[in-house]
Each structure stands twice: as structure tokens, then as C-alpha cells.
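In what follows, chain A forms one complex with chain B and a second complex with chain C.
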Partner chain A sequence: MSNVQGALAKLASYRAKNTRESRQTFETGLLVLKSGKTSGLGDEEWSFYEQLILSALDIGRIDVADQCLTKLSVKFPESPRVDVLNGIRMEATESPEKVLAYYDHLMKIDPANVSAWRRRVSVLRRLGRLDKAVEELNELLDTVYTDSEGWLELADMYSLCNQYPSALQALSHALLLSPQNPFTFLQFAETAYTSGDLPLALKMYLVVIEMNDSEDADAIPLGISVRAWWGAKLCTRQLVLSSSYHGSPSNTPVPKNLALLDELATERVLTAYSGEKGVQTRSLVSGWMSGR
Partner chain B sequence: MASYEVAPEAYYKIYFHAAKHPHKPVNGVLLGTQNPPRSGVVKIVDSVPLLHHWTSLSPMMEIGLDLAIQHAENERLQVVGYYQACERLDEVVLAPVGERVASKVQEKFEDAIAFVVDGQKLGSSESALVPYLPLPSTNDWRPASDAQQPFTPSSRFQLQSSGSPAEAARLVNEVNQQFAFGDFDDHLEDVTIDWLRNRACLP
Partner chain C sequence: MFGRILLLVATLGIFHAAFSTYEHLSYLKALERPEGSLPPDIVVETLLSLVLGIIGACLNAPPLKEITWSSEMRKHKIDDMDSRLGFASYVNRGKRIFSTSNVSSKLQ
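Presenting the complex of A and B:
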């Protein structure tokens, strides 16, 4: 039954990419569930249920989530992972206090249950108790330093409160842990820009571009490079205008070849819009380039 | 005190933006006209979606805002306001970033308005928009404190068509129109996405 095969392949790809397209995931997963062909999945069966639970909860189909959760509880009694899933299911209907107490309880049984701790932080954040969420996340990261997603989340929460130096600090930890991830550098660049440190932002945007440098110099920039070149240009054009920039809190120097960089960034962004369909916005973009 | 009227297309696009990213905050700007300037009704005829990613960070917001302003001028419109939707149903406040953008819009358009989407009202037949206006001579934005509830008869905040909320909900639930819709963040990943016009998602 190729429908089910196709569905399974799609779901596997979502899991690999950590995609959160809950409505599509749910509909695809439900198809598989209803086909009755889950027992042939082998070990994948359990990841499939987990995925379906999360997407079902996201769109409010608690009935389906409960159905799958029961199967997992039977197969894996006393599993910390299933316990946390149970907590997430509780989050959909129970009071926050009850949920927080439940995660507390899980952490007492098993202090190594970092997922439960992360869920606590997530619930606190959702309740608007940012101070407490930041405090607990800091504690968590003190204990489990290698949680790079945790550092990203912390940076995000600090940015939300306009605490950019702290956000940048958290991002530096994330960078140490995942130095191959251009998105972390991108978040760093954008945070640096927001905090007013243009030379630092520019430096980081250029790192993103370098990391993505799979094409030749004349190719049309794609994907993350487009965003990074836009960001670089945003920085260079302001730096070019203020001939003596003394404002970098991180003491990052302005690049010596600033004018050239500015020209290059302009050219790269415009080239991104030179494809057949990109052309419709091109005049708007070149207007921006020559403005201010 | 200015009056405001929201056209269906503007309402749909705000709704689609929120519906497309239910677990993230989203924001964008409002385009419209005011004739005569400073005293006429502010007609909000369109909206341009900006971000759903890193909404607390400013660089792409700045570029997007600049481009939206230029686009508005090309269409003989002005940027007249800002909107945001929070991923939390119970949060209906204007975020600090929102206040900054709204204030920037106000520098060019005195009767600028900000709408915060009330998540609880999405899907209902009531307008989900909560109007925020600045306290005089400040950058402090507060919910409009009129005696009449916004979007009720005799309020100065009106929907051009009272059926817009229900129709928006129908377009999302039955037709999934929010997937034919893209914002500036999407555009940065694929420059062919027409975030300024988003014609494809409109009925």
C-alpha cells in the first residue's frame, strides 16, 4: 500500500529534520494509524507514536494522543521518556501548577531526567514567568553544559527581555558546542546587531557566508547566504557613513576593507534577486541600496 | 482622535500569518490611507507580514520595514500601523519590540495604530484585533481606552465587513489559505516569495 509507504517516508523525514508541521504530521500519521500497519514498523513504531502524540497535542486531538500514549506506556513502563510525554499530554489539559508539580516529581525520581527539567522551563516560559524560567534554565545549563539547544533558548529569552549582553554570552556557549552550525552564528550576528554592536554583527554575518560558501563567486546566493548578505549590507552601509566608529562593546574592529565589503554586499544581494522570479522585487531592493 | 477601518484583505492576512505559525510570535505592518490627512478615517487596506523567527531581533525587521515603506509609497499608500500575534493565548500585550516599531511608524504617520491579536478570539466571528495607541508625546503604547468596545457598533475601530473574522476562519479551516502566504522571513529563504503582495492567498 504505497500511500502508507509514502506517509511513513514523509514522517521519517520530518523526524530527521525536527520539523514542526503539526497539522500535516497529524494527518499523515493518522493515515498510518488507521491503516493498521504499525506493527510492521519494527523499532520505528515507537518514534512514530511519539511523533503522532506531539502533533496530535499541537492541534488539539487529545484522543489520538491518549491512544498512542497508552501503547507506549504498555511497551515501556517506567520509562523517563514516556513519563515526559505524559507530562506534555498533561500540559494540554491540566493546570500549570499540577504540571509543574508533576515534572518536579519526575526530577526527584530521576535527577538525570533533563527532559523533565526542560519541560519545566518551557511551562514557566509559557506562563510568562520569564525570570523564573531564565533562573531554572541557567541552573540546568550549569549542570548539563552540553545542551546547546538550551543555550539557544536562554539567548532567546534574554533577547526577549532586551538583555543582549547576556544573550550573546549564552550564544557563545552554543557556538562552542556546535561550531559547525551556521544558524547559531546567524542568531549571534542578529543579536549583536540588535544590541548595537555593528562590527561584531558584520564579523558574524561574514562567518555565516563563509560557512555556506559552496558556490562560486558568480553564483546566485541562495538560502541562508541571502539573509547573511542582507545583514552584512545593513551593517556596512551604516559603518561606511560613520567614519570613526568607536561603539563596539566587544571591541571588534571595523574591517579595513569596509568600502569594498560594502560594494560586495550590495552586489551579492542584488544578484540574489537577478533570477527570473526574483526580478520583481529587484527594483525595490536596488532602491533601498541607493537610499539613505 | 482618529477612527480606523480594517478592510477584509488586511484582516485575512493578519489571520493567515498567525494561523501559519501558531506556536510562534509573528508581526508585520499595516498599510492604508487617511483622507484628508490627520482628520479622515484611517483606512487599513492591506498588511505586510514581516517575521515569525527571532522576533526580538531587529536587523531583518529594519530591512523589511524599509522595503514595506517603499512598497507602500509605490502603491500610493502609507505604513499606518503595526500588528503582532503572540504564541501564547493569554498574552495580549504589545512587546517591547512592537512598541519600538510602532513608534518608528508613528514618526512618519501621526495616527499610527498597533494591533495585538487576541488568540482566544481567533476562529470566532468577533474581531481578534486589540487596538493599542501611544500615550500623548510618549513611546508608551496602551490599549485604547475608549468607552465603546473596539469593533462594536459606534466604536471608532471598525471592520469594513463584519464577516471578515468568520470568513478568515473559514479560509484557514476549509481551504488552508495560510499556506499560500509568506512573510519576509520566508522571502529571505526564497526570494520568489511575494511577501509584499501575497496575492495567492486572497480569495
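Presenting the complex of A and C:
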């Protein structure tokens, strides 16, 4: 049935993009499971089960998760990956101490089981023990430097405690690991803006815009370019208004053509709102731009 | 579709030319002059099949993808890039919001 084919293609794209749309994933996956055509998938069958387990746990359908977990344990009896899935299943019903003890046990059996370590950090964060979670995450990242997700999680945890310089440090490691990813630069720029370091934020916003460049310079900005132009506009507006800026903590110099940048950012943001979807809010935006 | 037809025709042509060559060589061996040259029409058939095969393969190729990082990154959304699934907490309000008992109580 083409329904099942379409569902499988959608699930595969979710897996590739790391999307966390649990309800949609669950409904699509349940469709495939009920149709009984799972045996014809070959190697994809097992990653499909893993995806279905995680989305089922996310929305509370533990029965379906148990069903798929038994199938996986039968097929891969001694696999550390299935053990970690078992741990996630335990997180849904058992007490946190039991779960932490289980993950400790997994790490003792196989010290290289990084996924079990990550789950420990996640459980500690969920319990509110952020200091312990940050400590363990730092240890993990000392051992496994290339875990880009881990650096982003560390930055998130520091931002939660308003420790922005440490968050910026963690983000800079993430930037080193994936220098072609404009989303990390955007997060860096926004964290810098939140911590008050306006020249650094402006520099990073301009980097995002440059990375997301399309060939046509007069085209309507789309996607994260809109967010980056907004950020640039906010920075330039504040820098223009305060004629004596008291120095950025990271010693980033203020750009020379600040007024021109301000004009450009204004024009680009207004262009972003001139498409068919943005026209209604354009009056609000231009009101804000000209006010004060 | 057209590309596949061309590719099929070219493959059949190559096989036919190969078989004809084999038959011709066994014919020459039967006549005891194994140094004879290949008839020109087999050569023409082979070359024509090659050209048709190349054209068919080019038409049959899957659609081209972009090579720049920026074009690839434009297709992603912030939620996907920041999802951090390895650290995600699967114990959240989802259990309460999406459980079936909630749905049935809403329908009453």
C-alpha cells in the first residue's frame, strides 16, 4: 500500500533530520506496525523499532514501547544499544535511583558505553541536580571531545543558570566541531546578545547572514536569515543610541560603519516582511523601527 | 522513461553484437581461416549501442543535488538542529497530555 510507503519515507526523513515530532512519529509508526509489513524492511526494521519506542515513550504509550522492545531484545540479545533503550523504558516507570544504578551497572560492564553516560546526565538534569549533571557532562566531554550534541547540551545547562561566559565557551567548542553549521553560530550570537556583549553578538549575526547567503542580493530573506537580520538590527540600534559603549567583555571592536549597517539591517528586515505572508505584520514592524 | 528505453535498446544491441561476433568467429574457425576480420556491420552496431547507452544513462540519472553547505543548511529547521536527542528527557508531560483516558474524558 502506498500509504505504508509514504509513512516509511516520512519516518526515514525524521530519522535523518533528528526531528522530535513524537506524536506524528508515533501515529505514522503505529500505522506501519499495524499493517504488518515490518518484515519486508530489512535492516531498516530495527531503527524503525527504535524510533517507535522513543516516540511511544515520549507520549506515554508504554504498551507499544514494550512490544517493540521485546522484538529488539530477541533479535539483539547482548547489544549495549538495546540496553540503553531498556534504560530509557525504565526511566518512564521506575524510580530515578534505580535507573541511575542501572546506568552505572551498564557503564561498569562496558566503560566505553557513551550513550549510557549521556542518559545519566539527562536523568540528573531532569531531577534538578544541575551541578552534578554539569560535572558529569564536563567529564564526558573531556573523554569524548567530538560530541557536538554534548557541547550544545552543556551550553544549554549553563544558560539555564545564567552563566553566559561558560555557555559561550561551550558553544565555541561546538563551533570548532561543526564550522559549517549556521545554527550554532546563531545560538552563539543570541547567547552573546543575552549576556550584553553587543559587538560580539553583531559580529556573529553577520557571520550567520554571510553563511546563509543566496545568490540574489535583493531577494526576500528567508529562514534563519530573518532571525539574524533582526538580531543585527537590535544590536546596531542599541550601539547607535549609546554613543559611548563601555567596552565588550570579549574586547570585540565596534564596526566602523555602524550607521550604514543600521540602515541595511532596517531595510533587510522590512523586506523580509514584504512577502505575501508578512505583509499584515509589516505595519507593526515599521512602527517599531521608526519609534523611539 | 525515455532514458530507460534507450538503455534497454543499447544493452540488447551490445548483447546481440557480442553474440554475432562469437558466431562469426566460430564460422571462421569452421572454415579454417581464424585471422579473418570482423564484418563492419557488427562494429557499427557496437558503436551505435555505446552511444545510445551513454545517452540513456545520462537521461536516466537521478536529479542532481546541490553541493554547497549553505544550500544544504537552508533545508533544516532550528528545532531539528537543536534537538539533542541523546540527552532528551522522555519523562515529561506528554504522558498526561496524550494519554487516552484524557481523550475520553474530553469527549464526554
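Keep in mind that, in the parts below, the second predicted complex is superposed on the first by the 291 of 292 C-alpha atoms of A that agree within 3 Å, B and C clash if a C-alpha of one lies under 4 Å from a C-alpha of the other, contacts with A are read in each partner's own complex, and residues count from 1 in each chain.
Please note the rule applied: contacts are C-beta pairs under 8 Å (C-beta built on N, C-alpha and C of every residue); 3 or more make two chains touch, one makes a residue touch a chain.
A quick note: this is a predicted structure, and the numbers were derived from the prediction, not measured.
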Practice item. State whether A:Asn113 touches chain B only (first), chain C only (second), both chains, or neither. Key: neither
Practice item. Quick one: classify A:Gly275 as touching chain B (first), chain C (second), both or neither. Key: first
Point to revise | Which of chain B and chain C A:Arg126 touches, first, second, both or neither | key: both
Check your understanding: Touch check for A:Thr38: first (chain B), second (chain C), both, or neither?
Key -> neither
**Study point:** Which of chain B and chain C A:Asn181 touches, first, second, both or neither
**Key:** second
Check your understanding: Which partner does A:Asp213 reach: the first (chain B), the second (chain C), both, or neither?
Key -> second
Check your understanding: Should A:Thr266 be classified as contacting the first partner (chain B), the second (chain C), both, or neither?
Key -> neither
Practice item. Pick one for A:Trp288: touches chain B only (first), chain C only (second), both, or neither. Key: first
Check your understanding: Can A:Arg20 be said to touch chain B (first), chain C (second), both, or neither?
Key -> both
Exercise for review: Please write out, lowest number first, the residues of chain A touched by both chain B and chain C across the two complexes.
Suggested key: 20, 58, 126, 156, 187, 223-224
**Study point:** Residues of chain C touching chain A in the complex
**Key:** 69-70, 73-74, 76, 78-92, 94-99
Exercise for review: Provide the residue numbers of chain A that touch chain C in the complex, in ascending order.
Suggested key: 17-20, 22-23, 54, 57-61, 88, 91-92, 115, 118, 121-123, 125-126, 149-150, 152-153, 156, 180-184, 186-187, 211-214, 222-224
Check your understanding: chain B touches which residues of chain A in the complex?
Key -> 20, 58, 126, 128, 156, 159-160, 162, 187, 189-191, 193-194, 201, 223-224, 226-227, 230-231, 234, 272-273, 275, 277-278, 280-281, 284-285, 287-288, 291
Point to revise | Complex interface listing, chain B residues touching chain A | key: 22-23, 54, 56-60, 62-63, 66-67, 70-71, 74, 88, 90-91, 95-96, 187-189, 191-192, 194, 196
